[in-house]
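Across the two complexes that follow, chain A remains constant while its partner is chain B and subsequently chain C.
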Partner chain A sequence: MSTAASHAATPAPSPEPDRRDTAQGRSAGRAWTRWILKRLGLAVLTLWVVSLIVFVATSALGDPVRAILGKDFAVSPERVAQIRAAMHLDESLPQRYWIWLSGLLRGDLGTSIANGVPVSELIGAKVANSAFLVLVVTLIMVPLSLGLAILAARHRGGPIDNAIQVVTLALAGVPEFVTGILLVSLLSTSVFHILPAVTVLPAGAMVWQRPLGLILPVATLVIAVVPYLARILRSTLVETMDSDYVELARLKGIPERLVLRRHALPNTLVPTVQVSALQLAWLVGGVVLVEYLFNFPGIGAALVDAVRNGDFPVVQALAMVIAAVYIVVNLVADALSILLTPRARTEMVA
Partner chain B sequence: MNRLAGLARDPKIVIGSAITLLVVLLGVLGPLLAPHGEFDIVGRPFTHEGSFLGTDYLGQDVLSRVLYGGRSILLMSILATALGMVVGVTYGVLAAYAGGWVDELLMRTNDVLLAFPQILVALLVLSAVRQPSWWVIVLFVGLAHAPRVARVARGVALTYVRRDFVAAAQAVGEKRWRIVATELGPNLVVPLLAEAGLRLTYSIGLIAGIGFLGFAADPGAADWGQMTNENRLGLLVQPWGVLAPVLVIALFTIGTNLIADALGSHAAQGDS
Partner chain C sequence: MSAHTGGRSAGPPLTRRQALQLGAAVALGGATASLAGCSASSDAITSQLIHGATGGGLKDTLDPHFPVTMPDIARVRSLYEPLLRFTPDYTIEPSLATAVEHNADATEWTFHLREGVTFHDGRPLTADDVKASIERMADPKNPAALFSDIAPTVDLAASKALDDKTYRIKLKVPHSILDQVLASYSLGVVPRDFDVKHPIGTGPFRYESFLPGQRSHFVRHDGYWDHKAKVDSLLILDFGDDAAKVSALLAGQVHTIDNLPPYLASAIGQQGAHALVSETGGWVPFTMRVDQKPFSDKRVRQAMRLIVDRQQLIDQALSGFGRVGNDLYGPFDPDYLGTELPQRHQDIAQAKHLLKAAGHEDLQVELVTSPAVGSGGVESANLLVQQAAKAGVQVRVTKADPSVFYGPQYLQWLFAQDFWSTRLYLPQAIACALKTSPYNETHFDHPQFTELITSARRETDPARRRTLLQDAQRIEYDEGGLIIWAFANQVDGYSRQVSGVVPCREQPVSSYRFHLFTVKDQ
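And then the complex of A and B:
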């Protein structure tokens, strides 16, 4: 961060365009800087609006004190007053929003109502667990989808292609928790009893220390995200295989296997990145039901618990985390797809 | 007309409609076929007493509960889808037709709304309203769909707004709303039906998911989503309490998704 000043003087080192067309190098760099600044500005603006919505939904609509005290609410007015003061509930709504937002910007996420622990302490390990889950799913999703798509495209119209098409289409719409329940009842109860149905961790342990408990949540999420990606990639591949330039490659006598690998496959790069990012963004929310199902100690299950307990500082923090990750993933996907599409690259510079 | 005939012959549409219709009939006529009442205790909890699917967490008949449990969730899913489609299509088509800075403003606002995963919208509302009425669920599931529908509708409308027939209608002096309704409308039907099929698939998933998390509109009532939550503890001893509703939901989503996929590929063909 100490070199920030020197960085500001020269345009940000933008990767691809500079190297490709040196004549336009400077303007390409400037176009990138402008694009990134514009998108970052929009992302910040979006996050700010998101914070407004989250705040209004969680604190303006319900009465948190009633939620915390439950039955005691009616009988102990002094407890009510105490909690109201501690949570600044007697301030005006804009003031409360400001207290919350400025805390958020300083990295202070507030204190959990349910057990009085700072929220950051409470959710730190859970964010790590969920991130690990999403990472593992992504690492399996991309190669598996590509593999299925290539397999289907190579045996186009044949039984393998048809089987892949039917299965992916059937699975594409099934809700993730439904898949999860079916997997549980198949693999850890009645039929086979091989995998744990819930993730049980000793206190303080992280999920990667118990890999067996990860299998079912990962499998559920993989089944939820792979079908769509595999279908898109297959149709891109098939479309490319029909195009003139691939036909020319065939006519030159290049073997089909090589045609696929050298000529058709590179064309799936952009859809792979775009749809993977889309699925990744979905996963950020998709973990909620799956984590709850498997009792997985991540942000999804924590969010459900916090909603149930009326622990609104935790709800606010987790909602902001989820929305922020969602926005960043989409931003990165847009940037990558411009970088990887030569046409979009030139359009942006021009 | 040719296109419609082609649709009716597509095996995906035929199979998808058959499955969807079967589940809808099960949901609608179920209560008439049920061997026991919705709340009748027919035996000890989580046993194989009652009819062939056994009993649930209270000893109620699982088969009867499944037959009773479809009406509310199907109706809510359809209403939520309809709401999301109406709001989203209106918004998206208006943006496409207005163009310029209005379009920019509307779509940027839409992008902000898209920053919320649907399940997050649901949980935020549930944190404010602990015991949602059925229409609250319909409202937020529908509104959570709207920004996604709007983006698709705008994209589809944009491909037509610049076409000659719209320009011709404008030149003749047709009113704007008439152009949208009579010239744009028919061209949007197939792609938007595809979107509606997809949204219906997600609606039932989301509404069942809310029930699965234990935030149902009417606790205790038979409902496919809620049943998965009620009977979870018995999964090891009496899996049918959870499996039966889950299988019906899976079947329904497979059916609607088949229809949506077939309509989507027809829309893509009609475009070229």
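And then the complex of A and C:
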């Protein structure tokens, strides 16, 4: 549980901050602007450091030309020279970094070595597909985990809680590709034949144009993430419900349902946001096995393919995209955390 | 020569109602017809064959002369055709050329082109197109992989079209089996103004769309000279994962897949699909460098060949899908000697005796392998450790990453593995057994052998060439550095809806002759 949340334990929800907001609207706006600018600055700095690491790491992987040509390296000196020139391999490392970074800043991600197509063209649709998958998973994952956590916390120690605990623990222990294989054989191949086993897209189509094909990947990822999230949220909720101020609310005679909704729940929102953000960031690039299993045209499998091909411009572009997602998601999560924590909110303005 | 036997499928006439993608899944499950609506797409009313190809990625290409990945090969075979081609049992037959002649010393080869062949854009095939294609394959800066040993010997200036339908190629060095080389799938003929951005060939399918690493969509070439495709269109999907590929086959989302994991061969039969097992001439040898100790001693190499329990390797590393090899390659070559020479079996006593004679009684050696070697590679290396231990030889296996294995050290490893696909004897020897070979893993450099191969390359009389090639094989059998323990069988999968699929020795999935397949409604 985050410290911000426990500090913010206000016994009763009060409308006061809202009234103060109108009075101090301008200074609050300025405080937010300052905060956002500062965080954006930090984000850019972080991205720059990441770009250094990504570049040095990909450069340290050995001779990219050999990785690209494999068995053909020895027999095609012309292609070796061609690739070396295309990758500016004869320049020094800092020079190469500058060429890459300045291209990046202009929105030019470079050209794939594997097939000579601009990287943005290659990964654009995949980034959109992955983003959509993550969005759908999030929209299901957050309410579902929160619902399960509330249900379990509400009936703490009872059969419902126990059942939820056992099932989530069991599911949390199963790797996501195993879940995926089981779902495929249950719903697509062996038992029933009602859902497509893999994603098959017509030319130029995006994954949302084939919603049936999304069901199994989404279900697999939801099953992979929800148990973990639900268990964390349940323990946060249980901890809150044992706290003094909740006890006080109960002693005042407030019904348990209201205690949960108005006193305990607001304090679990911050951890919900923070834990969900981490899971989200993982979902963007870390679901290679699931992408492979469903032949899903996302960035995880593309990254693995690019590494295997030694296609460094693609590796660098995807690594930057994934890093940017991490940074943005965390930025949004922090902003939401402040908004959801009255004390932090007022501190910003003060 | 004889026509295709595989083309004559006696299946029912094609129905136009062939549902796509999910529609097929529904048909297989026999349930919920409502889902079929979801499969509607721009090409839903046509009959379509969907092939699931193994691998592929951003490296995918439509270039006729540089196929790299499995889906590339499937595409190249659908779009383009070579002058000659291989039958299912790996003998050559006419394709775009109906007749081939050569002069007495095999330096001038004349190809007579078939009448009535048209490119996808409707233009007729001419000798000028063949000339341009040969120039593209023999480009000194970037020769086609299967043409790289011949490319430097082609006299491009003197090779020309004699008339509209006759082309003559001139070589600076005789090559007695140029016709066999030009039957390679990756030496397709393209129009003289060919641009890979608009991939035009004479093949049974015409290019429609292509997304590297994901899918390619081709439609039937209505002007095809041979058996016209029985389906309206062909969709090739790339699969990075075996499980996804097999799931797609069982769910009816694809009709054919290449490289079915062999252990699934019997299991998929119960779930609405068939395994297709084809003999191939592909091999995954152990390679011993004959120029370095301890393998520079012929007796040590012979001992290693006697240590190997070939059948056990096949049973365990290839799941039983292979035929015992006899340390010689090119099993489909009419001059192959492997079946005539005594078959080598595991003989630990004799191996120990040879090692003792060579002074290597407690031999220790490192074997370098890699997943990049392909199916059966790492598994056979691990099995060899146990087999060698019986003869007191200590083999230590090092598993290298693909980029390391095929990195700077490739062709330098003392004891390693490699992979080769089906070839005839002479082109294979030129590729791997001469000092000038691009892939001479064993550093084999035997003057008499080289002399025999060079003579065979010039020899136009088949009987005399046979003698030369068989003498060369005897040398490799006795002194070579390759342990060729098996020729793998190819295992692919196809749906019950598909007919017209026959085993082919050259390549997977009936050598990707998709135009001969029929897809039935179920």
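By definition in this document, the second predicted complex is superposed on the first by the 289 of 350 C-alpha atoms of A that agree within 3 Å, B and C clash if a C-alpha of one lies under 4 Å from a C-alpha of the other, contacts with A are read in each partner's own complex, and residues count from 1 in each chain.
One rule holds for everything that comes next: a residue touches a chain if its C-beta (ideal position, glycine included) is under 8 Å from a C-beta of that chain, and two chains touch if they have at least 3 such contacts.
Computed from a predicted structure; not experimentally measured.
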item: Superposed partners chain B and chain C on chain A - clash or fit; value: clash
item: First, second, both or neither for A:V275, with chain B first and chain C second; value: neither
item: First, second, both or neither for A:V136, with chain B first and chain C second; value: neither
item: Touched partner set for A:I181, first chain B, second chain C, both or neither; value: both
item: Which superposed partner A:E78 touches (first chain B, second chain C, both, neither); value: second
item: Touching partner for A:N115 - first (chain B), second (chain C), both, neither; value: second
item: Which superposed partner A:V218 touches (first chain B, second chain C, both, neither); value: neither
item: Contacts of A:M241 with chain B and chain C, given as first, second, both or neither; value: neither
item: Partner chain(s) touched by A:R308 [first = chain B, second = chain C, both, neither]; value: both
item: Contacts of A:L265 with chain B and chain C, given as first, second, both or neither; value: neither
item: Clash with chain B, by chain C stretch, listed 39-47, 57-65, 255-263 or 435-443; value: 255-263
item: Overlap of the chain B and chain C footprints on chain A, listed as residue numbers; value: 62, 67, 181, 184-185, 189-190, 197, 292-293, 304, 306, 308, 310
item: For the chain B and chain A complex, residues of the former touching the latter; value: 12, 108, 111-112, 115-120, 123-130, 198, 201-202, 204-206, 208-209, 212-214, 228, 235-236, 239, 242-243, 246-247, 249-250, 253-254, 256-258, 260-261
item: Interfacial residue positions of chain C with respect to chain A in the complex; value: 21-22, 25-26, 28-32, 35, 38, 41-43, 50, 57-61, 141-142, 145, 148, 209, 211-215, 217, 237-241, 243-245, 247-248, 250-253, 271, 372, 402-403, 406-408, 410-411, 438-439
item: Parts of chain A lying in touch with chain C, wherever the complex brings them together; value: 62-63, 66-67, 70-76, 78-79, 112, 114-115, 117, 122, 181, 184-185, 188-190, 192-198, 200-205, 210-213, 292-295, 297, 301-302, 304-306, 308-311, 314
item: Residue ranges of chain A in contact with chain B within the complex; value: 42, 45-47, 49-50, 53-54, 57-58, 61-62, 67, 169-170, 172-179, 181-182, 184-185, 189-190, 197, 281-282, 284-286, 288-289, 292-293, 303-304, 306-308, 310, 312, 315, 319, 322-323, 326-327
